[in-house]
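What follows is one structure encoded as structure tokens, with my remarks underneath.
Going in written order, the chains are labelled A, B, C and D, and every chain counts its residues from 1.
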Amino acid sequence: PSSPTTTLSLDEYKRYGRQMIVPQFGSLPSQLRLKQAKILVVGAGGLGCPALLYLSAAGIGTIGIVDDDVVDISNLHRQVLHTSENVGMYKCESAKLYISRLNYHVNVETYPVRLTNDNAFSIVSKYDLVLDCTDHPAIRYLINDVCVILSKTIVSGSGLKSDGQLSVLNFQTYGPCYRCFYPQPPSPDSVTSCSDGGVIGPAIGLVGTSMAVETIKVLTGYYTRENFKPFLSVYSGYPFQQFRMFKMRGKQKSCEVCGEKPSVTRDKIESNELNYGVFCGRVTFPPL
Amino acid sequence: PSSPTTTLSLDEYKRYGRQMIVPQFGSLPSQLRLKQAKILVVGAGGLGCPALLYLSAAGIGTIGIVDDDVVDISNLHRQVLHTSENVGMYKCESAKLYISRLNYHVNVETYPVRLTNDNAFSIVSKYDLVLDCTDHPAIRYLINDVCVILSKTIVSGSGLKSDGQLSVLNFQTYGPCYRCFYPQPPSPDSVTSCSDGGVIGPAIGLVGTSMAVETIKVLTGYYTRENFKPFLSVYSGYPFQQFRMFKMRGKQKSCEVCGEKPSVTRDKIESNELNYGVFCGRVTFPPL
Amino acid sequence: MTIKVKVEFLGGLDVISNSIREHKCVVPYEEGEATMKELIDHITKTIISDPKDIPVFIEDGTVRPGILVLINDTDWELEGMEEYVIESGDVFTFTSTLHGG
Amino acid sequence: MTIKVKVEFLGGLDVISNSIREHKCVVPYEEGEATMKELIDHITKTIISDPKDIPVFIEDGTVRPGILVLINDTDWELEGMEEYVIESGDVFTFTSTLHGG
């Protein structure tokens, strides 16, 4: 790849100065790590919008955005990176437009496609870290399996109504993965999307914003193999707002993808032998 | 005032449908309450930007924005409503530009001035609720006193580095106010602004987003005098993200502004007999 | 004697208990005599308001996949799962996995 | 006998204790014999790492204005403030008021 970035311009010093002086951030070396980082955001919806806003503002060097959906008026109460005039445009393109105005230092790459068994390896392999901002377990398992096989850390968020969840998965191939937490998929009738079940905009927004905080921690090296503890954080918006951290299991030896005898392999995914829609109880892929 | 809004357009139904189906939100009557609401956001910075994004997206009818500051490049890592091309523009005008593109149903009123003893009553009296997104105790006491005297509920947020705080003050004149919590101002050397002390963008963003959730709860009538309990919620971004709710004292009989024998009156404020800069240990007002 | 514990439903799982998120539970066993098995049985019988909601909570005799179980804020997997011996003062949290975004 | 409590510093107040947010404190009193006064005194003597940081925590003999004190997640104002009798298992949280935005 390209030679390492070792300096910031004066414009970048001014722009990022206020975060570089926060002790936990880690000053210039951390800012350079963000500048060198390449991250992939899958889903530019209720979670992806605030995550993209804050991560592009923070100075991540390269951000890829995967979303094959177009902006709909019913998205706008929570997907605040898209505007009324962008209704009908691909969400990834709409997001890119705003990001380029917010911070021209960020290189944005867009993929107006659905992430599938066929394209996931080639897309994910270009990035260091993946934010799972998607809306269905089938694609969450796909992202997980591909990231485990390609050794990418996942920052995973989800939400519905006024609740949310946050985790860092497959941390440096050392932490547990999505399958370690959820070896069996949920039954299809227990799966509800934000479009079907509804969602309070700032509640899902808060979870997306918290994903940006975790991404900064991972990329700046705040988390290490020594101090990283598997967790799942749970947000509730009602009756009072709270965000609680639960201590979770580590990597499971029995895990089908990151365990000792993995049955999920790149070959099984790329050959479509593993059908995530069927695995999660649907014959076809649902939309993101 | 104007006659009550009793309907939504088809565009509004589509736009707000996904939040109207969330049980705690309260469906159509709550959406109409948001449409009729007039809120004032003081400070269009790290807290104000996400609060404005999510509240305008949610369909608040009228939003006033007070900020006499102009967009600086050092703001952009956290004040994500402003873009690189708006550097030098008043923050309230920059915010209005984006909000009008996000949701043309919102009426935005801008005040490119500092909130002072002289103008605070005339500005605040036009609104139902105030979001305190400011950056110094002097203006926090001013906002508090004016809102108590005018019977306005305050949604109050603050943050620094990777920490934050959230509260609802003077709830329907029944809840405690800022002076109930903090009868004495902090000594000036313990006061640090985000510009001086630094701040992680999504950390302050998370607090601003949580202010939008509380504002929705207040405006939709989720909180009542019966169920409202005084609280202060505390966010920490490091070492792990948590948002904890602390149960707080109620209204204090001894409070100088909302208590039994208030010494702080409209006359004392408007005559400048009460000098908030001196009260908080500075002779002149610091910038927002 | 009885065992007094707190049971919470998060992530929308309070649908199975009349939207009540927090329950103080008095489990009719002596300290040391009841495990998660007995607690889950007790919850099924006393907290779930509508019998047709039982399958939302229980599948094949245990907590349904997609529901996370936390014992005092820790994954029950780290605490012995069904074999964990419950104690007065324990907090048990059940939360649905969310998939929306 | 001693009283075992947890002391937390939030909102940046951990600057006075070498950036350590959580402390397990063993207070050298019998149960029932120590109030917040004794606890604050104990904290000042044993946790604050640099004596010149004491004024960041204490002013005029009590906790400085701008620091909120919580006893088991509740404002100490509701619990008797300095007069509260501390018990083993209590959690005491001290947090600076933040003013930034």
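By definition in this document, contacts are C-beta pairs under 8 Å (C-beta built on N, C-alpha and C of every residue); 3 or more make two chains touch, one makes a residue touch a chain.
What you see is a predicted model, and the numbers here were worked out from it, not measured in a lab.
K.L.:
Going by average Cα coordinates, which chain is farthest removed from subunit A?
P.N.:
D
K.L.:
Distance between subunit B and subunit C based on Cα centroids, please, to the nearest Å.
P.N.:
39
K.L.:
Determine the centre-to-centre distance between subunit C and subunit D, using the mean Cα coordinates as centres, and give it in whole Å.
P.N.:
Spacing between the chain centres: roughly 35 Å.
K.L.:
So the centre of each chain is just the mean of its C-alpha atoms; given that, what is the distance between subunit A and subunit B in Å?
P.N.:
Those two chain centres are 30 Å apart.
K.L.:
Can you list the subunit B residues in contact with two or more other chains?
P.N.:
Each of 23, 161, 194, 197, 199, 239, 244-245 in subunit B touches at least two other chains.
K.L.:
All pairs of touching chains, please: list them by chain label.
P.N.:
Going through each pair of chains, those in contact are A-B, A-C, B-D.
K.L.:
How about subunit A: which of its residues touch subunit C in the complex?
P.N.:
The contact residues of subunit A facing subunit C are 43, 45-48, 132-137, 140, 157-161, 163-165, 181-187, 190-194, 197, 199, 204, 232, 234, 236, 239, 244-249.
K.L.:
What part of subunit A is in contact with subunit B in the complex they form?
P.N.:
My answer: residues 11, 14-25, 50, 53-55, 57-59, 73-74, 76-78, 80, 83-85, 98, 101-104, 161-162, 166, 194-195, 197-203, 205-206, 209-210, 212-214, 216-217, 222, 227, 231, 233, 235, 237-245.
K.L.:
Can you check the complex and tell me which residues of subunit C touch subunit A?
P.N.:
10-12, 21, 56, 59, 64-66, 68, 70, 73-75, 77-78, 93, 95-101
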